[in-house]
Every structure is written in structure tokens, then in C-alpha cells.
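What follows is a pair of complexes built around chain A, which joins chain B in one and chain C in the other.
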Partner chain A sequence: MEYQVQNISRDNFEQCIKCTVCTVYCPLLSVNPDYPGPKQAGPDGERYRLKNPAFYDSALKYCLNCKRCEVACPSGVRIGDIIQRARIRYDRSPVKLRDRMLANTDFMGTVAGALAPVTNFMLRRRIVKQGLQAVLGIDSHRTFPAYSATTFAQQFKSLADAQKGYPRQAVYFHGCYVNYNYPALGLDLVRVLNAAGIGVRLIKGERCCGVAKIANRLTDSARADARHNIKAMQAALGADADAPVLFTGSSCAFTMRDEYPHLLEVDNSAVRSNMMLASAWLAREVERGAVKLVFKPEYTRRVTYHTSCHIQKLGWAIYSIRLLKLIPGITFVPVESQCCGIAGTYGFKKENYATSQAIGAELFDKLRRIAPDVVACDCETCKWQIEMSTGIKVENPISILAEALDFEATAAANR
Partner chain B sequence: MVFLKFFERRQLVIQIFLCNFEAQNTIMLNNTQLLKEYDVVIIGAGATGAGTARDCAMRGLRTLLVERFDFTAGATGRNHGLLHSGARYAVTDRESATECIEENMILRRIARHCVEPTGGLFVTLPEDDLGYQSTFIDACRAAGIDARAIDPAEALRMEPSVNPAITGAVTVPDGAVDPFRLTTANVVDAKLHGADVLTYHCVEELIKEGDRVRGVRLRRQGSQELFDIRSRLVINAGGIWGHGIAAMAGININMFPAKGALLIFGHRVNNVVINRCRKPADADILVPGDTISLIGTTSSRVPYDAVDRMDVTQEEVDILLREGMKIAPALAYTRILRAYSGVRPLIASDDDPSGRSISRGIVCFDHAARDSVEGMITISGGKLMTYRLMAEQAADMACRKLGVEAACRTAELPLPGSEEEPKPEKKRFRKSHIIELSTNQLAAKGRHGTLSGDIDFSRDSDDALVCECERVTAAETDYAINRLEVNNLVNLRRRTRLGMGTCQGSICACRASAMLARSFGNDVALADLASFINERWKGMRPVGWGQTLVEANFSAWIYQGVCGLAPGKTDTSAL
Partner chain C sequence: MKFDVVITGGGLSGLVAGTALAKARRKVAIISSGQSALHFCSGSFGLLGKAGGKTLESPLAGIELLPPTHPYRKMGAEATGAYADAAPLLFAEAGITLKGTSRANHRHLSPLGKLRSSWLTMGDFMTFSGERPPMKDCVIVNFEGFLDFYPSYLADGLGALGVRCRTASVKIEAVERLRRSSGEMRAASVARLLRGEALEELAIEINKVCGDADTVFIPAVIGFDSEEHLQRLRRMVGVPLYCVPVTPMSVTGHRAQQLLRHRFGQLGGTYLLGDSAVAAHMNADGSVRAIETASLCDDYLEADRFILAGGGIFSRGIVAAPHKIYEPLFGLDVQATDDRDRWFDADFFARQPYMSFGVATDAAFHPLRGGSAVENLYAAGAVLGGADPLTEESGAGIAITTALHVADLIINS
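Now for the complex of A and B:
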């Protein structure tokens, strides 16, 4: 019988050789000394929690779940997963009303969207913000993104019929932000893909990917959504088993690819390899000659690319950057990959605001010095954070592409 | 009655007065004030020696405990750390089984902070005879052990790591006991009761006057100078090395050195002790000990002259893994931190080649009766579980021989650290004054019990970790160095678990060494650091594959590469 061929432990926590590299890369540790750091909170703490759950340290709630520790780890330990799993398993404190509201993006989006003009007006009033801070603990510095009166899914209906006419097909997981707040990004993608000769399908009854629910310990609800999403995704692919499932939010993509099997224990193997970020997928399609893009000659922009933590974990930032570099009018200025501090709903919480801004301070400073026309970024919450903190405009690479693209020429080139 | 009590008290006062008077007749040694003559000198600071020192001191004897190296340096520190229910011996050795269960219940009371009442399972594998189970349960019950057959499915719920193929399961009141903590607590209590303690002092000779042993001739490790300590009685609690001590008095004790090897796994695989329900054999006990799990043991006779250099062989590792994974399949792929072995100090009574059927019973020799040598007692045999009973028997014999009448109270009085804690006051205000211990302080409390209150966490830097794997803080390290007879890193490891975790000292050894250097100087600390790292490697080598090998490389990189320690030039003999 073979034994000790390899050491396997849940999330590889025993692979940890205590080199402490993760601790160096943790964006939180340098601004919050109360946080034990990824090694302590993760593999070290796990040994103690296995001995006695009383060793669960409530400071683990400060973890951003940015996964930069996992990227840094030379031994393949899923440190972030260990920490999130410990929070889910051992933190028995009740989930606050505020956290439930922030995490239930579908519910909040539907309610707020129905009354969009009123909600948007109200959410920008100082008095309302102060009320939200006092009553719920949502920091008054934050402004919620404006809600759209009609969702992306509703707006897409008029385009749906035309999609079947394209020779190639792609499934698009738009996510909550595009649906409730910023349908323009989704429409940009549809226009770009259509010009490239690709028809778009949505996922029937798409629900939130669950990133916010996981971060706020609402795992049962997240798991139900996840099971639904995977099933609906398979249905949307139908006979086109090789068609891509595209995302415009890096956190949605990351959650559905990696957190579903790792944290929610939802099997996504049937569709996992189809899932890809739209910008990354397009870059590779262009590079292999399957898609041709033609740009407006007059378009010029100075652009930098902010690597969100989850795209860093996915390892796809390089593709988004290559896509941007395809645009001849773009002057690309690189900036170091650093966490902006928002971490989804984390930065919205009153108790995390100062931490959130302290983490991002260095990045904001660098961006101000670069002073680009626009910062390209695949993550919406990074967009809110950077726009609020620097005043510089942040756009998804797809929107930048849509702005630069000569649609007619592109459509002709791909015919 | 009242008068009698008054009289007793007067006697006590007289005794104290006498002690004080005699205390002037002392010698100073390394900050320890020693008497020139003791009632008893106990040789060997394993659990038995420490327990005997505690018992003698509590009975008012002037007591000196002498140890060649450090507390728990022999078999005490090299076993399973199993709080036996006695079930393992129920079928083959009723007497030991009864002793075990009685001591088990006593230790749960007096040594709360050293004991973890995990409960135990005796499981029957498909290849084992299920018929043995009823024999086993009957024998347990006859010995007073609460053994109950349960459904195998229930056993799996109790302990998910157990082999799902088991055909039978019995619960018994097993647990885990930390031998390092237990021994240290006994030493601390002995000192509180007036005993003196000398570690790193070797007995070179027994002082004899005719057929009478009158004391010991000691040499401090690393020095050539000899000095004499006289005593009315010498108690030999030297474990397997007791053979050599007895030989100094011209006495032959027929020791049977039986080596047992064990493996330490990187984390807790199980939270309930798992035993195999069959006649005792190799690798049939898996014990959860603090943050790790231990599988053991093997049993093989070794020549007496080999007991100082025990290495775990590849065959032993193979046996432990092959048999161990039958009771808990996860052992097949769980990282192994290290391998180690100890030598059971059994007293041979027949020609059993395996040593397993030799009684684990207690042997307490009065050498006056046995060998016509007055003034010497040997206490041996037994096991960690029965250390207190062994101490009681030795102290009883000592009192008899010295004509002292004093009852044993070690079964009633809790060890320092294990006292009942006052119940927390009723909280008048919700939340307002709940003081939450940090997880580091919680870990320290687990190790030192109520004594952890003496650890000073007042400065911010005190909560800083020295050993990250085992959560040993700067404050706890300081406390151990100042209060628990720490001379080097190995001592520190035994008092705190520093260096026992996943990284085996890679991260913490240099930090702790810097703290030791404040007391012992840089040169001493540096040599000690090198020997500590070598000692860690010794245990990793037999299981040096996978991440354990990567870890060892990382450690070598830190200590050779970054710290610049030269390999292979340090003396590990003092370990």
C-alpha cells in the first residue's frame, strides 16, 4: 500500500513551512496591528482551532479576503480560504442587519432600483448618510453607486432576439453592479461582442455570485444561489459546451470559479473552464486571430491599469493589460499591483473605513502622481474606492475598448 | 481533641524552628542555597522523581532533587502522553489496570491543567477478532473501568478520523496528559514545600560508610569539581539509568530496556484517543496531545549500553505508519513532524524478548532488605500514569525508614496551576467588564493553568510571539526563564512547547536564544542554539520527506545561510 506519497490537508494548511512571506504581502497587517496576519490567522491558528474552537480569534473578521496571501504563498496553501472557513465555522455572533443589507445585493438592487430617482437622491443627502452611519454603521464618507431605473436584464430584452443571428455565441454573467447600477457596461460588452461577430446570452434568473454573502457569513444563502447559478449557467450554454462564460467583474469571476468549490463546496467543474473575464478572453481571441478589432484613429488616452486583488489571484491582469495595449491611441503607464482597501462591502462598514483608506493610501498617491485620463480596472468596488479617494475616473477595460472601437469597421472585419 | 491539635501545632512550630536552625548550616551553589545534609536525596527528575520530591517535601522531609540533565529528559518526556484508563492492561495485567484507573481519576482532580479528558475508544478492525471485545469489556469492568460497547457508527460520529470499516467500538475514560507540565508542576510544588532542586548535576558516586549509603558526590555538568551532599536516605528514581545508580552501591537491578518509538503528526488528526481492541501490540494507540497527534509505539529490547543513543529506525517508522493508518486512515497522508523514542524502565522478571508481557507494575526496593545496603531505595517500573502512586510508595518507605509519621496528601491537594478557580462573579453589567484573553494568553493558560496569572502581560511587547506555531509569547518565555529552571532552549521547549510546532524551531529558536543570551551570555546562547537546531533535525531525519524535508531545508537556510551557524560542530551530548 502506498502511503505518505503526499501530504494532503484541507486547504493545504499543512504545506505551510512558516516562511512568513504571506505576512509580508498582507495589505491589512501594516495598518492594523490587531490583526494576527495571514500565517497566524490561517495555518497557525487552524492547528489551535482543531484542538479547541475557543481559540478562534474574533480579529479574523478584519481579513479583507483579498487572497494576496495565497498569491504570495510558495507552498500553495489556501490561506484566505482557511481564514474565511474559520469565520464561517466558528464565528457564532449574529450577522448584523447592516451586513445582511450590504450582502443581499439582489434584494437591495431590486428595491432601490424600483424607486431609483428617489433612492439616488436620498443616498446622496448628507443627512441620510449620517443617518445610515448612526443607525446601521455604514460609513458616511461612502456614497452608494447610483441605481438604474431599469435593470440591465430588462434593457437586454430588446437586444436578445438579434443575438441568435451571430455565428459565435457567448454567455454573459453580468453581476449585480451591471444589472442594478451600471447597465452601460453590460451594453458596451454586448456592442463589442456583437461587432466581433459574437452573440450574447444571459443566464436565466441570474443571482448574485455570492462574494458579499460569503464575506458576511451568509453562506447557506450563498450556497443556494451558487447551486442555482451553476445549473442555470449549464442551461444557458446548452449545446455550445465550449462557449465562454464571460464576466465584467473580477470578483464575480473569482467567486464562481474558486470560492464555489473551495468555500461553498458547490461543484462547478462542468463550467469552470468556460468562465473567463471578458477583457481577458477578448485579448486572447484577438491574439489568436479569431477576433479582429479596428479602432478610431482619433482616440487618444493616457491609461493606467489597477490590478484588483481578485484578478491578481486569477492571474489575468496581464490579459486585460494586453487588451488595452492593442488600442493604438493609448499611452499605457503601469502601476504596482496593490490593494485599494475597499474589499467589497468591507470598506462600507463604519469600523473599517479608516483601515480601508489607510490600505489604499499608497496606491492613491501613486495614481495621483501618474495622473492618467482614466484608470482601467476590472473590479467595480475598486472603481468606487479609487474614484472617491483620488477623483480620477475609473472604467472597465471593456468600456474603454467600446469608446475606442470603430464598431462599423470592426463588424466588417469580423464578417 | 482541641488539646491534641494544639500539641500537633506546637510540634510543627518546633520542627520549623529546627529547620531554621539547620538552615544556617548551608552551602551556596549557583544561587541555590543547599543544606549540607538532607533527609532524602532523590536522584532523577522524571515524573517519578519529581513526584517523590513533592511527596517527601509535603511530609516535612528535608528533600533534595538531583537531575543529571533537565526534568523529563528520560522516559517521562518520551512517551505517548496518554492518560490511561487502564483498559489497555485490563486483560493482561489486572493490577496495573486498577492502578491506572485510580490514578486516572486522581490526576483529573489534582492536575487539571496537565490533563485533557478526551475520552477514548477501543476499536475492532475487520482483521481483528470481535470476540475479544467481550473479554475486554468484562476485564475492564472487573478492574473498575467504565467500558461500554457502542455502535461503530456512533464511534465515527464521536471521532470522524477513525477507520470507517471498524466492526466494533468501546468507550473508555482515556485522556491526554502532558508529561512536561505534570513534572514541572510537581517540581514547583516540591519547591514550595521547601525542597531544593539541582538540575544539570550528575551523581558521580554514592557516599558510603560501610554498608550504608550516606549521600551523593555531585559534579556540575561542564565542570570537574566534585562536592558532597550528605543525606539520611537516597532514593533512586533514575528510570532506566537507575540501573547504573544502583551499581554504584554495588547493587544489581535487572533492568529490561524496552525501546518504544512514536511519530508526531502536524496537527490534531483525532480529538478522542483511539486504541485498537486487541492484545497490546505495535502502533495501536493514537493520542491527541495538545496541538498534535501521536501514534505509537513499537517495542523492542535494546542493549543496556545503547540507552543513551536512541535513534528511530526506518523499520519502526514503517511499522508505525502501516499499523497506524489502519485505525485512522488520515495518517497515510498527514504530515509527520518528527519521530522519537524512549526506553521503558521495566524490571525484567523473565525472558520475554518483546518486553510487552513484563508487568508494568511498580517496583519499590528497600535495598537494606534486598541487598543489605542501608540508606537506599529504588523506585522503578510503573508508568507515567502511576507516577504519583510510585512516589507515594517510595515516600511511605522513606518515612518508615526515617521514623517519620506523616500521611501522604498528594492525592488530595491539587498541583500548582490546577487549583480550583474562584467562580467568576455574577456579571452585574452585561459585556461591560468581560475581560477577553487573547488567544496567546489562552494558550499560556492551557499550559500553566492558574499559574499563568503570574505571567506579566502588562507591556505591549509581552504579547509578541516568540514561537508562532505554539503561540508562546515573550511574556511566557520570560516567565519560564525566570521561574521554571530554564538554562537552555531544550529546557524552554519542555516548559512551554516552544519549538515543538510545525516549523520545529525554524522561526522561534533564534528569537528565544536572544532572550536566553540576556541571562547566559552570547557565546553560551549561540552554542546552545546550534545544538537545539541539531536536536530538532535528529527527530525530523527519520521522517524527512515531503514538507518535513522542505521545512528542514528552510531551517538550514535560516540558520546556516542567514544566521551563519556552522554545521556539525556543536556538542549535543548535554541534551
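Now for the complex of A and C:
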């Protein structure tokens, strides 16, 4: 008898042994019974869809793409990828105007940022929020993050020349959030890296990583951006082929590292091993003795770390936690890794608001009980969700590091 | 990254070894590619139920009847018993109540109301000795629409044991919502909802249908993350209340996994969930230098000592190719035959030879590689060859005792 040795399916759905452990860890399942669950939506449904696309179930749109099913799967099945690929392939319903707006972060950021004072004022008015909900279906509980009048890329220009003077170089993918909403985080990273003796380079013509476009099925546009980004990243690395490409957003890092090849079929192999979360990379550099950090003696904070779904999938939360624990003045309180419910643009949609809050409820309770001074988190949308739902301040580990660092002493130690 | 001990496999065996080592102040990392087989646990652990064709009352007495390459034979009956007796405390420290001792197997009930024997059983379930459960008149309560629990079968089984049984079903508001999708009204989803007020509602409904019953049985769907919820329910219900295992995912197994992991973390252990060991890097002298993982890439996990606790074929600690059984990470020697026709017995219910396939080790649980022992590597749990956990009813016992044994060897070396 002849045996087939290798499996031949994409995303290895035939490796599923129907154990259902993924369903236990799906944050959505017990909250929204209309969602068929990762096993049924993923490997089970895939068998039917391969026979006939008419078996596609539109309820797959509820999937958060958190990948916690994949983290739980003992058989290595790419459950989340199967579900997202099915949405891309079979969902032919037109993409709503609202979803296009939420997904086109670059366009929205450019327009909103140009009129920042007006936009920010308007987006905080109750009447505008109600209008957005009625006309577009953006939930009125949500507040858009404030737009910055000058982008991070613009602010960086004044620092760019000094960067070449540092002996080591790193490329930084700042992403839409740092660029349009929160340049302070990008500036924190530049300060920290400079103190560590590392110069920062941006990626010329950087576009959105595509996480929002993928979630909203604007796949062709996401793919074009992805191809552009990979080329631009290679150009930014130039002769420094081993330099790291750093991120301050875990979803940007995850998307460009893993979703590009898996979902968009864009080859990133030339730069994939360069891509690293800034906090993870720094923790590793400190560990191997290549970077020294000196902290202010007076800095004290009670800190917990929220593991975003995408950093859970990347497997790098361990580094961020190590980085925080380096700071002597920090009292670290752990909290179980679980989804906060926002899932990027998902929680902004009127129809998902209640689900989004129900998913996060348990986490919010735990955080309120821990009552830290600040929640550290590598994801910006988790930050909005947790700040809105608990009132507790959330900061990227890099910003916490920047607050705790004695810059002069650090610069001296790395000279 | 550098640790004292790196463990591949984060299930029962890996966590027990990791916890014991972390308690002894070793710096430990566990790599776990996905969730473990504990999620299929019925709530009872077997040490040794059958050996040499005999059903055992005392598990330790059966060890001498096992083949010489069996893990229990390598440890010896006395040491196996000592590790077995140390286990309940380790679980209690994690918040897991286990009833039983290694001196005698106790009885508990299967989902169909049959008597089963085990070494340890979680506090959720009824345990007793002898052939009759300690009750006369019970009521079996199910949730309307919950299909993974079979009250009538259970009632028939208990009836045959001389217990009067009634069945009743209750409707709980919070759980009702799940019925919109019948396929996903599973134990874990129900358990997530049965807390707080929903639990009070459940207690009221149970008390309504309880009547003169001296015992209440419910499906094992209480306590997703801690035993506290069941304790609360028990306080609110007038008569003794026990759970009965349901179709997996097992809520008690999930809880045990989470609590053990939490305990390991509390003791300073590093648990890498969803990462997987992709390569082992060896020293020139044949010892292990480091493990490379999928997520940490070129940041290898270095350690003085390593434990392989990757589980059996189910967990891919051992892999079956069409004509080969192999250990994928280190390329260790396996106790198995490459003759595929000798893997199975055509009689499905007969002893299946592949069940005993696993890594070959020396007497000190160092796996063999090309015939020689890898001195800084230890194997524990289902990855070990020479045992047939299914027929012996020894799976959990082997996982726990060999884990404690290798932890001990490392601590005392």
C-alpha cells in the first residue's frame, strides 16, 4: 500500500484532530453564540468550502483574528489563518464605507491630522459621535484617539541628521498610530535608542502595515501596501543587512512578519528575521550585554503587563516583561493573558460594541483589582480599550522605560 | 536566554517537574506548543489499575508484574510510591484538591454510572471504597439543552448499583443564551458563565428539584478557573453535591492546567505558550547545549539540564510516519518497531502495541541517542516507552511520578 507522507493542504487543516481545545480559548465563543467557533469556522468548515464555496458562513466575520485558537492548538493548525483566508476568498459582500474609513488609516490620518485641532474637537462632541453612529455605524461610546497636528515623520526630520553619528543603526517602522496620533511614543524610542548608542532610520514612504485593511477585507490594497513596505524596508536597511527593523506596535510587527506570507502571500523572507518588537529587541540586547541601561533612583511604579493577542501569538511577551523587571523601582504584578475585546477596528463598529466589552469584562475586573499605576502593553488598540474601560493609564514599555531612564548616565555607559 | 533547566512540553509532566524544580529555586523555562492532554482528563488520575492481567486494589503491589523497561520498574516500587504520595501536596499548593492515596485505589463513577478505580480524584467528584456508592436516593440534574451529559444512562447505571435515581432539568438564564448555537453549548462555555449570580440561580433551581434526595449529581461544568465556584454552590445547596464527567473539553482538566501553570509562574517559572521547540543544538560531547524555538528564533534557550516531557503520539512528542516511529526534536532512540503491521492489533479492544512506543532511556531516565545516554537530558511522562497507559490505567501516574523523579535527580545532582 502507498502512503502519502506529506500533507498538501494550505494551513494544514487536515492536521486537526477535532480535539476542540481551541474552542475553550476563543474569547468570542461564550459571548457571541452566533459565532460558530474556531473549530467549526476553521478546519471543519474548510472541508465543506473546498467542495463548494456556497458553504461559506457569513458569521465568520465575527472572528476577532486574535489567533488565540492557534496558540492553544496542540496540532499546529493555522486555524485563524484558515478563517481569515476564507473571509478573503469567499465573502463577496460589498465593503461598507465605514469599514473603508476605519481601514484606511493612512488616508484618514493625513486628512484628520491636517485639521487636527478641528478634528479632535469634533470627534469628542457628543452630537458628532451620535452622528457617526447613526450614519456610519461607529459606536458612540468610542472616542477616536486624538490626532497630532504634526506627524511623527515630520517631527523626526529635525533629529534625522544626528542619527548617522551613532555607531549602531536600527530601522524603525513607526506605524500609523505613532505617526498620526501619538508621536511621543516614537520620540521616546528614538531617545532610548540614542542613549543606548543606536541611531534610528525611518522607512521612506512607509505605509500602513495593513492589519486594518486585512480585517476589513480590503485585501488587494493591503497586498499592494505590503509589497511596497517590504521593498522600502530593504531600501532602509541598505548595506546594514543585519540591522534590526523595530516596531512599537505588536500588531504591526505580527502582520508584517506573519500575515504577509500567510494571508497576503507576500514574500517577506528577505527581512523577516530583522523584524522585532522594540521592547523585545532591547531586552535581548541588555541580556547579551550589548546595551546598558541606567535608571533614575527615584522612579517607582506599580506596573502590570497586559499581553495583547498578537504579542501572545508572537511569543514575545516574556521580553517585554523582562525589560520592565530591569527597572529597579518597578513593582511588577502579573495578570493572566486574555483578550481585551477591542481587536483593532472591530470594537469601533456599532454592532460589535457590546461583544467587545463583554469579552474584556473579566480582564477589566482583574486590572481594577490590581490597581496598578500603569498597565504596560505593546498594542495601541488595547491601550484605548483598557483606558476607556478601566480609567487606568496604559503605556508602551518603551515609554515607561523612557520615563525611568537616566539618559545621561545611560549614554555615558554605552559610549 | 539562559536557564538552569529547560523543559519541552507544558502538560501534566512538564508542569509537575517545572514546579518541583522552581520550588527548589531553579530557574526553569517550559516550552509548550499548544494546550495539553490535561484538557481531556476525566478528573481522576490512575497510578496503576491493572498489571499482569490482574485488577489491582493496591497499585504499588502491581509494579513487580510490569515489564523491566517500564518506568515504574526503573524507579522501583518504593520510590514510585514516595513520589506518588508527594503529589497531592504539590497540587494542593496550586489550588487543586485531590482525594486518594497510593496504598489503595478508590472507586468513582463513570459518566454512565459504572464503577471505576483510580489513585487520585479531584474534589469535584464522588469517591468511595467498596462496591456501593454511599447514597440511597439521588437526583441527577442537567441543564436544558446541554447534550454532553447523559442523565438517563447515569440513572440506569446507578439503579443497577441499588441507588434510587431521579433526573431533572433546570433552566439558567445566563446559560440559555448559548442554546442559540446548539453545537457550541459545550462544558467550557457553560462553565465560563456559571459564576456569580448565575450560580445562585442554579442553587435555587437545584434546591427546588432536590426533594428527599440525599445526593445531587450535576455535569462537571462548574469552576472554569478555580474550585471556589463549586465550593460556593455546595454551600448553597442543602445536600451533598457531586459532579460527573462530561464529554471533553474537561472543565476540571482545564482548571488544573491553568492552576498548575499559575503556580509555576508564581514560583518564578517562565512558560512559553504557543511556542515550539524546532531544533536541539548539541555539544561535541553529545550533551544538549540549547533548544531553538519557533518564536524566539536565534535567541536559543540554553540550560545546564533539559527535560523532554513532550508527551506521546497524541501530543507529537513521538511521531508516526508511514513506516517509522521517531522522536522529532533530538532524534532519540525509540522503543518501537518500524514494521507497521506490528503497530496494531486488528481487534480494536485488544492491547495495542503502539501504545507502549516511546523514548528509550537508561535506568536514570537519560534518553538514549545512537545507543548512548544523553547525560544532561531526562525524559518524563508519556514520551517514555515501555508502558501501556491505557490498559494499565497508569498515564497520569507515570506523568507525575517520573516528573518528580527527574526533578529530584536534577536537584540532587
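Here is the rule we use: the second predicted complex is superposed on the first by the 411 of 415 C-alpha atoms of A that agree within 3 Å, B and C clash if a C-alpha of one lies under 4 Å from a C-alpha of the other, contacts with A are read in each partner's own complex, and residues count from 1 in each chain.
Operating definition for what follows: contacts are C-beta pairs under 8 Å (C-beta built on N, C-alpha and C of every residue); 3 or more make two chains touch, one makes a residue touch a chain.
Predicted model, so just to flag it, every value in this text is computed and none were measured.
Legend: residue contacts after superposition of the two complexes on their common chain; A:Gly238 is shown touching neither chain B nor chain C.
Using the contact criterion defined above for the overlaid structures, shared-chain residue A:Glu46 touches chain B, although it does not reach chain C. Of the two partner chains placed by superposition, only chain C is touched by A:Lys313; chain B is not.
When both complexes are overlaid on chain A, the residue A:Ala54 reaches chain B alone and has no touch with chain C.
Legend: residue contacts after superposition of the two complexes on their common chain; A:Gly205 is shown touching neither chain B nor chain C. By the document's definition of touching, both partners, chain B and chain C, reach A:Cys19. Once the two complexes are laid over each other on the shared chain, residue contacts for A:Glu70 go to chain C alone; chain B is not touched.
Shared contact residues on chain A (touching chain B in one structure, chain C in the other): 3, 5, 17, 19-20, 36, 40, 75. Contact residues on chain C toward chain A in their complex (touch as defined above): 1, 33-37, 39-40, 177-181, 183-184, 186, 188-189, 192-193, 248-249, 254, 262, 265, 270, 272-276, 293-299, 314-316, 321-323.
Across the complex, chain A is touched by residues 266-268, 271, 288, 290-291, 321-322, 325, 331-336, 438-439, 442-443, 465, 468-469, 471, 501-503, 506-507, 545-547, 550-551, 554 of chain B. Within the complex formed with chain B, the residues of chain A that make contact are 1-9, 13-20, 36, 39-40, 43-48, 50-51, 54-55, 57, 75. Those residues of chain A lying in contact with chain C across their complex are 3, 5, 17, 19-21, 23-25, 29-30, 33-37, 40, 70-76, 273, 284, 287, 312-316, 318, 334, 336-337.
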